[in-house]
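Each in structure tokens, the structures are laid out below.
Two complexes follow with chain A in common, the first pairing it with chain B and the second with chain C.
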Partner chain A sequence: MPKRLQFPLFLLRKLLKVAFTVWVVTTLIFFLIRLMPSNPIEQYIQNLVIQYGMSYEEATSRAASLFSLDLSQSMFAQYLEYLKDAVRLDFGTSFLSPGVQVSEIIAARLPWTLFTVGTGLILSFIVGTALGAIAAYRRESWYEPIISGLSSFLSAIPDFLIAIFLILFFGVFTWWGRGSIVPIFQLRGNYGAGVNIGWNWPFIKSVLDHSFVPILTYFFSQIGIWVLLMKGSTTGCLNADYAVIARARGLRPRKILTSYIGRNAMLPIATEFAMRLGFIIGGSLIIEQLFVYQGVGLELLKATTNRDYPLMQGIFLIMTIAIVLSNLFAEILYSLLDPRIRVKGGSKHA
Partner chain B sequence: MLKTQSENNLKTPQEINQVLSTTGSAYQLKGTTRFKRNMRHLREALFSDAIGAFGFLLLLAIILMSVFGPIWFPLDTISNPEVILNAPSAEHFLGTDHLGRDIWAQVVSGGRELLVLAFLTASIAVLLGLFLGSLSALIGGRFDEIMVFLADVWLTIPRFPLLVVMSGFFTLNATTLAIVLAVLSWAGLFRTIRAEVLSLRSRDFIEVAFMLDMPKTYIIFKEILPNMMGFVVANFTLLMRAAIYAQVGLVFLGLLPLDQNWGVMINVAWNQGVIYNPDAIWFLLAPTIVICLLILSLVWIARSMEEFFNPGLRK
Partner chain C sequence: MNTNTPHPTNTVPSASTVPSASSVASENAKGAAMDPRPVLLDINKLSIEYRTKRGKLKAVHEASLRIRKGESVAIIGESGCGKTTLATSIVHMLPRNATISGGSIGFFPEGKAEIRLEALPEKEMRAVRWNDIVMMFQASQSSFNPVAKIRTQFLDTFQAHNPEISTDDALNRSRELLELVFLNADAVLNSFPHELSGGMKQRTLIALSLLLDPQLVILDEPTTALDLITQKKILNLLNSLRDSCGFSMMFITHDLGIVTQLADRVVTMYAGVVVENAPTADFFSTPLHPYSQGLLRAIPKLNATFEQLYSIPGSTPDLVDKMDGCLFAPRCAHCHARCLTEIPALRQTDNDRWVACHLYEEVTHGAY
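After this line comes the complex of A and B, so read on.
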């Protein structure tokens, strides 16, 4: 294979995989909805017949318009129709709020989730990798066991239990007779009641106040993993030839840690970070429920409890697409950082 | 450990053929001795470092509490309106819930269901992963490539949201949830076990077994599996952790009907607005802490297992 074709071919292979994954998920959802013995459309029709005394045909046409499906067509034709809509990210209209596009609902909720989970992820990444590098570099120090112990503790505990502890710590317990640190109502919702939505200071302050503890939750639930990963990666680099030579040249320890060891240790961590970006949207279901934070996760929950199928499939597809794209991003990043990967059959996990 | 293993297997072909040609009892005998040896390794692994031993004792304590505790601390079946959401007292030393029932008794009996379900899930998942992973690694070729590709695709589907979505289509109960969870987690385990089998496969004693043309099932069950015991136990506990996470999460969200466990306690305490009533905070805090302890014990066991077994395997 000519060398200049290697990268485009690599990219093409990965793109095909992305398309395949998204197709698998959309198909899965379609058949969950349409083919299950008690599939929602059939249930909906039965419900109309029993509750409102409609004829079966009438109920069917009603259901067809709601699900934007043509039920008189064959299953395969319906499937193609559905795929065509899904490609254009057109998931139809919501059940619960008729006439509202599913994509509109998602677009309204997405920024909140991206803001809180994203901030938590970035902060935990910065602090975690720094602590991990220090822990690896100063293995003999008194604070190394504390950093490592706390990290493995935090990485083990489920995120929503961390959220409960933080809610109790900040909002419920009273400290030295002073009352709680944060008033409990600030731990619920995206912003306070009675602020004008827009770019004004009271609104921004209210948003920041309300997002503080959720962000802290995402921070604590992820920092342990970064510390442990970075520590392992740095330890692996400590005795590499270039590090030994840097030491032999008498460079300052700080310089060695940041420019020689740190940069090389960051390679695998950077791809891990890129990969985790995709979980930003899907990884916050229970925590958003705990903080009543109106994001994508809470919307998926509401859609599920209310059986709002178009909304459910829309959100789930968005979550999957985010993960698939970030995986693609991670693989491209890795291949740029480490060109050996581009050869056929080579993948990070092979 | 691995050294003795390979010495054991480096017999002459005649000898091995002899063992193979005798009846099943020969397998049996060989199996038991190896089983005993593996058990000894497991014991050594568990108590090789303090954290692993502590985790194991903690898990044991939780299991004992869940099995025998309800005998001494039976659940209050009748509500008592006089002691609703009380603070801890001599009579109810973790206080009472919104119906005036003792919280300690609920904590004691709340673990059984979670433990059984987690154990069930992890067992099914480990069997599935072992089967697919070793099969894929041993067969190799096209089959292996397709399986790896499918696992890659599967891993990109967000698991917990999928569970939430699925609960909108099926009414999950405890047993179906265990099966669904196990099936959903096949890909991750498949990949680690496949890698493990591949690394084992290149070792001398397995090469010899292949050269002697021993049956594949024999190689899998007698040569490869026994050498993966520690690895399997480590993954088993991690799977239990994932199962507990998913169950408690789904129960907390109210998407799973289970009658009495710690997740339900958290759910009820949360919905009863315990956070506005600091007196009764143990209603929420107690189940949260026990779940943390349970998960920590599992993770600690897994880590000491990995540390004990991996240096030998990855040399």
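After this line comes the complex of A and C, so read on.
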């Protein structure tokens, strides 16, 4: 096999695997959703009959014209229809807000979630790995038990408890007769009322004000695990033979810490980070609900409560694709970072 | 316990494990002339202690030895006798809980002033490491950073000691050394460590160790984890490099076969104490210390059955306990009253050999 074809072929193989995985998961989701009790279109029709006094036939034809979906079709026929549309990223229209494309709803909500969860993840990763490395290098210092203890503590608390605590801390408790740190209305929603949406400072400031505590929640709920992972990984590399020999070679301590210990300790952590990128979209259900933050998580929650099949399918599919792609990204990243598992062809030399 | 007293005339115990008196005498006469080579490393009454939960563990106790320029010294003894501790203390790479509690290590590099290593600050020690004294630890199979090319690791070494050197010069010197150890220099430089075989890694490490022209190379079990043929190749390589590059060598081993091939001198350690220091030929023909005699007897013979395998009875003492007499006394066939109360000093029995045993007091020429 010619060498220059190896990476494209490797990538092609992986992408086919990704497509297969996504197909399996969407199929499962399609049928699982329909296993949930109650039929949303029937409910809509009943609603029209009761509220507007329409006849059942009238209401049914109204519903049929509104929804592209025909739930009286056989399950398999619906499935084929769904697959055909999903390939074109057309998820149909929402039940809950009739006439609105699911893709539009997702497009409107996704940036908010990506922004808050993503920022929280990146900040916690940077600070967490730095603290973890320090805890490992200075494992005889007085502050190492504090770092490790706090990290274990934080990683053991569920994220919604952290969110509730932060809401209390910032928005409810009053401090020395001065009122709360953040006005409580800033802990609800994505931005304040009465700002013009667009690239203007009042809007950006309002967005930052409103996202501050949610981001802090994501930060605190994840930092503990990064500290512990990095500390463990670094400790394992500190006494590795190559680190000892590097010292015997007279290398400068800083060089040993970065190029020899740090570089190797980061290997498993970087993979973990890449994999977690995929969970950004789905990892925010409860937190977004607590902050009434209009993101994908909250939208999914609403869709599920109201049996909005197309919207649920759309969001689940996006989540699946994100997770599978981030796993692929992790795999590629790892092979770039670690030459030992790099795809290679034939023997390099005798 | 056997309470043999030294023989009044030739001081050799009557036990059959020791060759006849006449051969000892003739060996002594041969080694009469002092070695004229200058001393490179002078370890004098060095003691090293480990802090442990049970108290202070005396890993090395008043050990003395000299390494001359161009000389190759083997340190032998069973596991836990302080060989590695002694060697790592030279470059201050002891574990955190170990301290040098006494004695001195004098290093006399050619063309430079004496360096007292035992109290050298870490910053100055960093400059000595690899530049003057190379310490190669056990497990050379994982000595290289797995995520960096060999080339980077050679350049890193130059960078640490001689930042002014150009990359081209550094690479040329690296190639020269890799070729000296019979490797395809460019292929190795562009490889990652996992792409090299065990023997190649060991040879690459040897090339790396000679990069800065060190004066002393310390090897901790240089050939463990290698097959016999590769071992042989590495030993031949080390011998020829020592001839061509002129460094001195100190190596730690359990393998007496390696000692005969590589060492000019054998230092036997037992429980943290240097019990014998002799030229290799003398050590094998006439071991003086009962422990050395036991070690040589324990070499399995090809025609011996399993039952005939010899091992020194008993086990090594607990180094946390206080020492009262000779540490080997409980296992010694020649132990007598004095051995239990008085620690024997390392005494010179001849111009070129030393032993720490009460059996040989009469023929000594003074303390080490």
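Just so we're on the same page, the second predicted complex is superposed on the first by the 272 of 350 C-alpha atoms of A that agree within 3 Å, B and C clash if a C-alpha of one lies under 4 Å from a C-alpha of the other, contacts with A are read in each partner's own complex, and residues count from 1 in each chain.
Here is the rule we use: a residue touches a chain if its C-beta (ideal position, glycine included) is under 8 Å from a C-beta of that chain, and two chains touch if they have at least 3 such contacts.
Please read all numbers here as calculations on a predicted model, not as lab measurements.
S.K.: So, does A:L166 touch the first partner chain B, the second partner chain C, both, or neither?
M.R.: A:L166: touches no partner chain.
S.K.: More chain A residues touched by chain B or by chain C?
M.R.: The partner that reaches more residues of chain A in the superposed model: B.
S.K.: Under the stated touch criterion, which partner chain does A:A136 make contact with: chain B (first), chain C (second), both, or neither?
M.R.: The answer is neither, since A:A136 touches no partner chain.
S.K.: With both complexes overlaid on chain A, does A:F316 touch chain B (first), chain C (second), both or neither?
M.R.: In the superposed model, A:F316 contacts chain B only, not chain C.
S.K.: Which of the two partners, first being chain B and second being chain C, lies in contact with A:T174: first, second, both, or neither?
M.R.: In the superposed model, A:T174 contacts chain B only, not chain C.
S.K.: Check the residue A:S259 against both partner chains and state whether it touches chain B (first), chain C (second), both, or neither.
M.R.: Only chain C; A:S259 stays clear of chain B.
S.K.: Hey, what residues of chain A end up touching chain B and chain C alike?
M.R.: Touching chain B in the first complex and chain C in the second, residues 349 of chain A appear in both lists.
S.K.: Give the list of chain A residues in touch with chain C in this complex.
M.R.: 140, 240-242, 244-252, 255, 259-260, 263-264, 267, 337-340, 348-350
S.K.: Touching chain B in the complex: which residues of chain A?
M.R.: Going through chain A, the ones touching chain B are 17, 20-21, 24-25, 29, 32-33, 36, 39-40, 152-153, 156-158, 160-161, 164-165, 167-168, 171-174, 184, 278-279, 282-283, 285-286, 289-290, 297, 300-301, 303-305, 307, 309, 312-313, 315-316, 319-320, 323-324, 327, 349.
S.K.: Contact residues on chain B for chain A in the complex?
M.R.: 149, 152-153, 156-158, 160-162, 164-170, 191, 241, 245, 248-249, 252-255, 266, 270, 275-276, 278, 281, 284-285, 288, 291-292, 295-296, 299, 303
S.K.: Taking the complex as given, what residues does chain C use to touch chain A?
M.R.: Residue list for chain C touching chain A: 91, 93, 96, 126-131, 134-137, 139, 141-148, 156-157, 159-161, 184, 187, 191-192, 194-195, 208.
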